[in-house]
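Across the two complexes that follow, chain A remains constant while its partner is chain B and subsequently chain C.
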Partner chain A sequence: MKTKKITKERLKTELVWYSFIILSLVTLLVLTYLPMLTSVKYSFYDVSVLGYGETFSGFKNYSLILQNPAFHRSVGNTVVLALMSLLSIPMGFVLASLINGLGKGKTQSFFRVGYYLPNIVTGVSVILVFQVVLKSNEGLLNNVLSTFTTQPVSIGWLSDSNFAKFGATIISVWGNLGYAMLINLANLQSIPSEIYEAAEVDGATPIKAWIHITIPQMVPCFSFLLITNIIGGLARFTDLFILGGNTSAGRPGGTLQTILMFIYQFSFETPQYGIASAGAMILFAITLAITMVNLKLTGFFKKDER
Partner chain B sequence: MKLAKRMMAVLLSLSLTLSLAACGDSAPKESSSGTSEKEASANVSEVANDEEPITLKLVGPGLFTTVGETGSMDLVTGLERPGYQVVVERWNELHPNVKLEIETSPWDNWKAVLQTAALSNDVDVLLHGSSITAIAEPIGKWLDEDPSLDGKFSMLAMRRTEENGGDFSKYIPYGLTITANPLLMVLDKEIFNNYGVTLPDGNWSLEDVRKVAESTTGIDPVTGKQTYGISMLGAGSANKNYIWVSRAMDVPAIDFGPTLKETKVNYNTPETAAVFDYINSLYPFSSPDYLEGLDMETSATADSNLAMFITESSYDVYNKLQAGDLLDRFMFLPLPNIEKGENAGNTSSHMGDWNMAVCNTSENKEMAWEFIKFMATDPVVQEWLVESNNIPNYLDGLSYLEEAMEPAYYTAIEQVLKQQPLEFSASTNVYYDSGNFGTLANDLTTVINEIFVGNMTSQQAAEFVQKNADDFMKGLQ
Partner chain C sequence: MKMKKVRKGITIFFLVILLAVILIPLYWAVVLSFDRAATTTLPPFSLTPKEFSLFNYEYAFKTIPLVRLYINTIIVTVTNTFISVFTAMMCGYAFAKGKFALKKVWFLFMLAVMMIPFESRMVPLFIQYRNWGLLDTWAPLIFGSFAYVYGTFFAKQNIETIPDSLRESAFLDGAGEWTIFLRIIIPLSKPLIATLSILQVLSNWNNYLWPLVTIKSTEKQLISVGVAMFNAQQDNIYYGPRMAVAVISAIPLTIMFLILQKNIVQSIAVSGIKQ
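Presenting the complex of A and B:
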């Protein structure tokens, strides 16, 4: 009888606590999980207009999409662009090492803030600036290359499909470098100085210490940046959409069309929500698989195994 | 009992007094609302007071969003545009019992916005919704009932549909076009003059365009500055260049059947490759910044280095020229003539539009039609459209435009509007279709850009577009 009373009281208390989060739960359910489940449903339906004439089509949307060369190309573009944008990690590490070497002080703060600034600039402004920097006709980069090679260079970094991925990578690396630098720097500064002191006593040169102490200590940081960069790369959209003249065609030549742009195309430009939803499910599966592999490789599950 | 009777009598007298007061109140409001009372009361007498009190809900993107309720100011030219309050006030004069509720939305995801509104039975008039045939009501029956509208519009919002057993090969009017945006060529007369090139007139050919572009590309003999002959529509929307060139050359690629499945698409022909070839032949006379969309920086300014450029926003260009006091230096021309076919001799300029459609889930369809007809024809609205820098699709409304624009500009617009076949839609026609064939629009943009940078030949471009169209059509089977 006593136990029952306690349970009731506990329940009452817990209900009070749950009442605080009920609004968030309902919002999450209605605005996140319900649309997600609707997307799963739509991926098995033929839907050109929402709410009108949805017909069950089984796996037809998946089959269409998986046989579509444009989808294959968009998957390839997404993966290549995501991998290329990983360049910001080693560059951020080198930059962080250099800044760390300056010692704590105003100079270090100056460079830390200076390199992080690109992260707070609006994406659209960045694209507009880089369109001028990377243009084929007397763009800043081409002018620099012309000076070094003593030959006129007119590469369409954003207008020629043979070079556009490099141009897009320059923009993403420039945008992410500051963040990668900051995370690397924070980790560098958290490595205990005793380890370096011990190594120095043992006669290790600075380069050896860097290779045998710094880099192994930085592995968790690299893993974190790797996961976040790859997931960010898989969801890349805005900058490439603007570069393509506000279309999802992935200009030039479709080389910058990512999976998300492919999905957008079938969601809003030529609406076929069934195909778009199937694309979204495939993207979800790819992201989940890559995240799981990353988590496995970086030892995230080790705690549970123990 | 006596008390109850007295109370009843008081209540009845009260309600009678109130209802009489309400009747008496509405009349003076009507007579005092308008500036031109006689005109307003003449119109009002036809419809106003016997209408049921209802609310018409309008949802969608376009002009109402741009100007807002109380108006907006153009940041470039400093020109002010009156808000849609003007329309609401005029409508309320004519229909005091029909309240308008306007929910404006941006162009982003506008189709999904309209579909969602229709799904929740929360919309009567779809702003720019005629292309979503599943939720729009065909307006043919109303047009048939109202012969006064015959020949009054430059274009109708024509679409194809298979909905309800419709014949996909036929155009069906799904809405009234309120404003039109004709594609026009803007010419810098000074550059023509400096090169000693004769100005073309509105009766020119594709070859004339190419020759003129070639002749005005180079170092300007008078100013010594580099000039370029032409800037086509931005490379990001190169598909739109395909529309006007293929239309001018009359190279149809789509043979519409009774259903989408029975429709035949054939872009892999020598004629289609010739269209790509022509577009590519203009590219050498464009600025090297064209592909990056950076060539228009000095267009329509005193520092202009483009002899010609194509615009989809002619009124904005006009305002820019007016603000820069450059109206004498520039002029508009329609795009070159169609070379063959039933429209031979007419301009190949197509038009974009802002249309209105009746939502098929509306419970007030008749009144919704009344509203879009009002928007498309009412003189006060027509004047407002011009004041808010738009080109009315209603041909009688052009008189307001004629008053507002210089003849060298107005004439070209008038020519395009008057030569436009009523049964033509820039988004679905025998040359091009942006909505029914998957990625066709994007594919055309892609291949034209690839041809420009030399990564594709015209033949390869035609094959690429056809392959994707075939894949799409296979998916329908």
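Presenting the complex of A and C:
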């Protein structure tokens, strides 16, 4: 009789705790795990016409996609664009060092907020603005360059396939600089000041202290920004999609088509779900590998065991 | 000492110049949006509009249902933020203080999701919603917020620091876990809730790919997609109206940022530094 009562009590507390988490668990099961498994399945099936039967086709989708020159190009574009965008990290670090050097106060928070502003505005509207700023004729950037070089400049930053990657990088660095600055600044301010005091006693100049103390202390911060930037870069889509006039063609001339735009094209423009799913799996594998390396480097697994 | 002051002066000078360079595109967009001359030709850079007029805004409001798009975006953003932060708090509380079977398993079940990028499951998810007949409704935009994994992780870490003694004394007074959660945990977690809400509002407002894919009717669409569509329709000219639309869609977040700047900057910094 007594044991029965205890189990009943026990069951009740279990149910109470489960009532806190069940909603999220079901959501993840239905909206994340299930579609993910379907994605894996589709990547091995011929599903050109959905609903009219899917036939198992082994690795056909993978071999098709891996032989597709457009896919190679989109992978290449994505990697090059992701690497070029990393410029925001060193720039953000230098900026954060300068702002940090001002010492805490109103001036510092003014710059912190001011430089962060572009990151808030980032989104569709910024793309519209930069379409005008980076225009070949009468664009702001070309006008400035003309003034400095005293000869007319009309580079098609977003319309010439030789320059489009630079234009796209200007947009991404402009949008990410504030974030990189903010994270760098927060990490700079968490370096214990005793280290600097000791260095000053030893007669180190500020520049020397910056090179020998600050930079080594900031390595975890740099690797965090590096990984998040690369993962974000792999999934780059919105800005380049809008630049191409709301198509996934990656205009000009396919130079701005990323992996995700390739997947979008085979999902919604010329639907071939098998191909799209194989592409999604490849993107997932790359992202997963980078995430794992990151978690290993930051000691995430160790922390969890504790 | 004097040397130090000079150096500080030079730094501030440099930082002001660079900040001006970075913000000039935004400033110019605002100028163009008020310039009647900026329609089919792009006027050269100037600090004030050549022919000041509200024409571009009138044109923009006439061409696309901006008010509708605005209201839609606000409804979806507020709903999602509320749902996702509240469920993240619930899960965070359970994982921080609860004792129940398979707790570790479920926690890993949630964390593992962080490694599945949304894009790699987008197509089947789209088909799923199509089979349920829920395309072109807000369901696909909202249902996902019932699981906010990053928020759960963040909430768990924060709720763990709340001392158990508070819970125990409430427990002795006969309070259940839900009462404790609503009356003690939530009020004590205001900064945490603010941080998560800010992060959610930012990510929701700029959401683009998913609404683009799932919503077809313009009157149900969100501002980000509506603006991009308008942009594509204008065939790369009509500079003034395009800038007017850009300004209109950027205003809410900019105002929110200027009011809550301290909190927002803090939230972003904390979310990055914890990693």
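Methods note: the second predicted complex is superposed on the first by the 277 of 306 C-alpha atoms of A that agree within 3 Å, B and C clash if a C-alpha of one lies under 4 Å from a C-alpha of the other, contacts with A are read in each partner's own complex, and residues count from 1 in each chain.
Keep this in mind: a contact is a pair of C-beta atoms (placed from the backbone, for glycine too) under 8 Å apart; a residue touches a chain by one contact, two chains touch by 3 or more.
Not measured: the values here are computed from a predicted model.
Participant: Both complexes share chain A, so when I overlay them there, do chain B and chain C fit or clash?
Facilitator: Chain B and chain C clash in the superposed model.
Participant: One more residue to check, A:M281. First (chain B), second (chain C), both or neither?
Facilitator: second
Participant: Considering only the touch criterion stated at the top, classify A:N143 as touching first (chain B), second (chain C), both, or neither.
Facilitator: Touch status of A:N143: second partner only.
Participant: Looking only at contacts as defined up top, I'd like to know whether chain B or chain C touches more of chain A.
Facilitator: After superposing on chain A, more of chain A is contacted by C.
Participant: Look at A:W17 in the shared chain and tell me whether it touches chain B only, chain C only, both, or neither; answer first, second, both or neither.
Facilitator: Only chain C; A:W17 stays clear of chain B.
Participant: In the superposed arrangement, does A:S267 touch chain B (first), chain C (second), both or neither?
Facilitator: A:S267 sits against chain B and chain C alike.
Participant: What is the contact status of A:D160 with respect to chain B (first) and chain C (second): first, second, both, or neither?
Facilitator: first
Participant: With both complexes overlaid on chain A, does A:V132 touch chain B (first), chain C (second), both or neither?
Facilitator: both
Participant: A:L34 in the overlay: touching chain B, chain C, both, or neither? Say first, second, both or neither.
Facilitator: second
Participant: If you stack the two complexes on chain A, which partner ends up touching A:P69: first (chain B), second (chain C), both, or neither?
Facilitator: first
Participant: Is A:G253 in contact with chain B, with chain C, with both, or with neither (first, second, both, neither)?
Facilitator: A:G253 contacts chain B only, not chain C.
Participant: Which chain A residues contact chain B in one complex and chain C in the other?
Facilitator: 50, 131-132, 135, 137, 245-246, 267-268
Participant: In their complex, what parts of chain B are in touch with chain A?
Facilitator: Answer in residue numbers: 108-109, 111-112, 115-116, 118-119, 132, 134-135, 234-237, 287-289, 291-294, 434-435, 438-439, 441-443, 445-446, 449-450, 453, 455-456, 467-468, 471, 475.
Participant: Quick check: in the complex, which residue numbers of chain C touch chain A?
Facilitator: 8, 11-12, 14-15, 18-19, 22-26, 28-29, 32, 41-45, 87, 90-91, 93-95, 98-101, 106, 109-110, 113-117, 119-128, 143-144, 146-149, 152, 176-178, 181, 202, 205-206, 208-209, 213, 223-225, 227-229, 231-232, 236, 239, 242-243, 245-247, 249-250, 253-254, 257, 261-262, 264-265, 268-270, 272-273, 275
Participant: Under the touch definition given earlier, write down the residues of chain A that touch chain B in their complex.
Facilitator: Touch list, chain A to chain B: 48-53, 64, 67-70, 131-132, 135-137, 154, 156, 158-162, 244-254, 265, 267-272.
Participant: Along chain A, where are the residues that touch chain C in the complex?
Facilitator: Within the complex, chain A contacts chain C at residues 13-14, 16-21, 23-28, 31-32, 34-36, 38-39, 42, 50, 95, 98-99, 101-102, 107, 109, 111-133, 135, 137-140, 143, 174, 177, 179, 182-183, 185-187, 190, 224, 228, 231, 235, 237-238, 241-242, 245-246, 260, 263-264, 267-268, 273, 276-277, 280-281, 283-284, 287-288, 291-292, 298.
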